[in-house]
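The next part holds the structures, each set out as structure tokens.
What follows is chain A paired twice: with chain B in the first complex and chain C in the second.
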Partner chain A sequence: MKKIIVACGGAVATSTVAADAIRELCAREGIAAEVVQTRIIEIENSLDGVDLVVTTMKITPDFDVPYVNGMPFLTGINKEATEKKILSYIKD
Partner chain B sequence: MDFVLEIVQYFVNLGPAVMLPIVIFIVALCLGQSFGKSVKSGISIGIGFVGIGLVIGLMLNNLAPAAKAMSQNFGISMSLIDIGWPGSSPMTWASRIALVAIPVAIVVNIIMLLLKLTRVVNIDIWNIWHFAFTGAIVDIATGSYTLGIAAVAVHAAFAYKIGDWFAPVTEEYFGLEGIAMPHGTTGWFAPISVFVDGILDKIPFIRDIDINPKHLKNRFGLLFDPAIMGGIMGVIIGILAGYDVQKILSLGIQMAAVIVLMPVVVKYIMGGLIPVSEVARTKLQKKFKDSKFYIGLDCALLLGDPVVVTASLLFIPITILIAAIVPGNQILPFGDLPTIGFFIAMAVGVHKGNLFRTLITGSIVMFMTIWISNQMINFQTVLAANAGQLTNAADKVASLDQGGSPVTYIITQILNMTNVTGFAVIGGFYLLCVICTVIWSKKQYKALSNK
Partner chain C sequence: MERDDLLSVNIICLDIEAESSEDAIKKLGQMLVENSYIKPSYVNNVILREKIFPTGLILDTMGIAIPHATPSDDVLKDGIAVTRLKKPVGFYCMEDPEKKIDVSMIFMLSLCGNNKHLGILKKLFSIFRNRELVELLQDSKDKNDFLQLLSKNLNIKGEI
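Our next item is the complex of A and B:
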């Protein structure tokens, strides 16, 4: 079971779009994953056991967990490349 | 119009937790989503409404009495709890304006694009609720559905212009190329930061102050966690309310629960809107895919900037202090505190990461917001009651976001003048800021194209 955090400003709008897309991606690829939405300010206190962090905005990560910028899920631009990058971190 | 209104009213009378699922189910089917997905979207939005009802109930039953007791103990007037945008947006989606607001906002966008009045292609369907809020308040204030819809159109048009004006900042400071923020919260106050910047540039010494810290967050990171912040606020309010230890501790947990659960339940409403926003996004992008256009997105994207994060942290106590000094203020800031960054994010960009200037702009913005949201209490209470969120007739609600927006306030006052002085002061000041912004923005575009 992989654990993925998807974070945005308020844990409501943009992270829901990205989380939805990532859940679909995992289902398609047959990966068992738990996708959790948080606010960006909560990331650092929620990193236990997390395999990947995705944010819908640009951040400079100051944590050790793998990180992917999920903005392409909002704009639709470079979505496939982002999906590939995510898979590279969570596929065994 | 009457016929349309009757149909809309029938659906609204079903209550939002039933009406919106049906509507979203039908809309999703019409937009070509599968049957299963459409059903799930519909039910998801219903879950969101039931959930937010529970959370607001928890707040009104436990936190509101504590705030009242605290106010009485200290002879202050802050007895209403700010429900924030997580509370306001569901009420707005439940109003009879909201369903029509989405197509209206999209049509206004397309017309403006075709007439070359904007370069922003707005695909941020969720935040249409800000425009819908203005429409719903106008509808309540004037009793006119038509005026309500017109208000949605005006607010939407203004927000797209804001997106245009500040796109250079989005690109230069935040590094988001080709993206604009036609957003209800981060949008409206941005002109104020331009005005403040212009004034400060003219004052010797002060113009040279530049605080640009990036590491405050790490030192206070734990306090910034909404759960811990909610708990601490609950305990402090419990103590000030004169509660005994047991009640103080319960209040701490309840307040933490409210602040953590709010986005958890509201995201189901967003989840229900995904099919609509997906289709709107692909269709709009296909039609306007030139590089001349900006993609309009949620300003949540700005909240990752380190200075924005630091300023958001500082504005939690500052906002509470400002609330204590705004004359006649009845609202205790709460629901908006974890995302107070929405109020100041663009200001950070305009001030180029200068925290000192951001603090000045932010303080003006929060003062204005709190004053205006007090003027909106009665309207917002009707909005909440219409959405079935109030179980007790004596309850009142207020929110900083979007109840405190001058755009909503100015439009409502123009159509239903109740406070001439307030309108003149807020309207005059805001107009001045917008004029400064238009001039400033031209310079920004020029500087950008020279590069």
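Our next item is the complex of A and C:
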């Protein structure tokens, strides 16, 4: 089981859009994944056992877990490239 | 909530001029206040939130923004106020709050509850991801056309 954190700056709104898209992606690819939503400021405290962090706001990651910008799930621009990148981190 | 109220010609204004993002938000806010969607205090909350968590988005063909504040008792009923600007104004980017982008369409959200917020946001984003649809909105000739296009596409079930 892979664990993915999806975070946005404000509340949970934009991360929900991205999290749904990632859940779908995982289902489509047959990857068992737990997708957890959080706020960007809370990422640091939620990194236990996490395989990938996705955010809908640009951040400079200061953690060791792989990181992907999830904005393309909101705007549609570069969505495929983003999906590939995500899969490269969570596909065994 | 009355479904019909979520979108209405009363809260759409096309091809107006605004001096800045704040000016545009105030104009949208005024429509929402006049039509009893929000209390005036909501407008200030939106302006404040925009400074901390900006809502500008770069789409394929244009920049848009979805200014909103955390739902509280100053939202009286659900609504999406929309404006299309004659000349774009600068909004800071949701993805990168230090980056300013030109925004030509603004969707100001007045939504009472968080759950509803999410459903509507998801549908809105599905519209934004649809390049053709965004162009149609940009080209629609009047409020009624604009409204029809938007309401038809906001009601699609199962679309993400």
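The definition used in the following text is that the second predicted complex is superposed on the first by the 90 of 92 C-alpha atoms of A that agree within 3 Å, B and C clash if a C-alpha of one lies under 4 Å from a C-alpha of the other, contacts with A are read in each partner's own complex, and residues count from 1 in each chain.
Definition applied: a contact is a pair of C-beta atoms (placed from the backbone, for glycine too) under 8 Å apart; a residue touches a chain by one contact, two chains touch by 3 or more.
Remember, it's a predicted structure, so these values are computed and weren't measured experimentally.
Engineer: Touch check for A:Gln37: first (chain B), second (chain C), both, or neither?
Structural biologist: Only chain B; A:Gln37 stays clear of chain C.
Engineer: Check whether A:Asn45 is in contact with chain B, with chain C, with both or with neither, and answer first, second, both or neither.
Structural biologist: A:Asn45 sits against chain B, while chain C stays out of touch.
Engineer: Spot which of chain B and chain C makes contact with more residues of chain A, would you?
Structural biologist: The partner making contact with more of chain A's residues is B.
Engineer: Just chain B (first), just chain C (second), both, or neither: which does A:Glu24 touch?
Structural biologist: second
Engineer: Just chain B (first), just chain C (second), both, or neither: which does A:Gly9 touch?
Structural biologist: Once the two structures are laid over each other on A, A:Gly9 reaches both partners.
Engineer: Starting from the residues of chain A touching chain B, keep only those that also touch chain C in the other complex, and list them.
Structural biologist: 9-14, 16-17, 20, 56-58, 71, 74-76
Engineer: Using the touch definition up top, name the residues of chain A that touch chain B in the complex.
Structural biologist: 8-17, 20, 37, 39-42, 44-45, 55-60, 62, 71, 74-76
Engineer: Along chain C, where are the residues that touch chain A in the complex?
Structural biologist: So the residues of chain C in touch with chain A come to 49, 53, 57-60, 70, 94-97, 114, 117-118, 121-122, 125, 128-131, 160.
Engineer: Within the complex, which stretch of chain B touches chain A?
Structural biologist: Touching chain A: residues 85-86, 123-124, 126-127, 174-176, 179, 218, 221-222, 224-226, 263-264, 266-267, 270-271, 274, 277, 281-282, 285, 295, 297-304, 306, 309, 312, 338-339, 341-342 of chain B.
Engineer: Applying the document's contact rule, which stretches of chain A touch chain C when the two form their complex?
Structural biologist: 9-14, 16-17, 20-21, 24, 56-58, 69, 71, 74-77, 79
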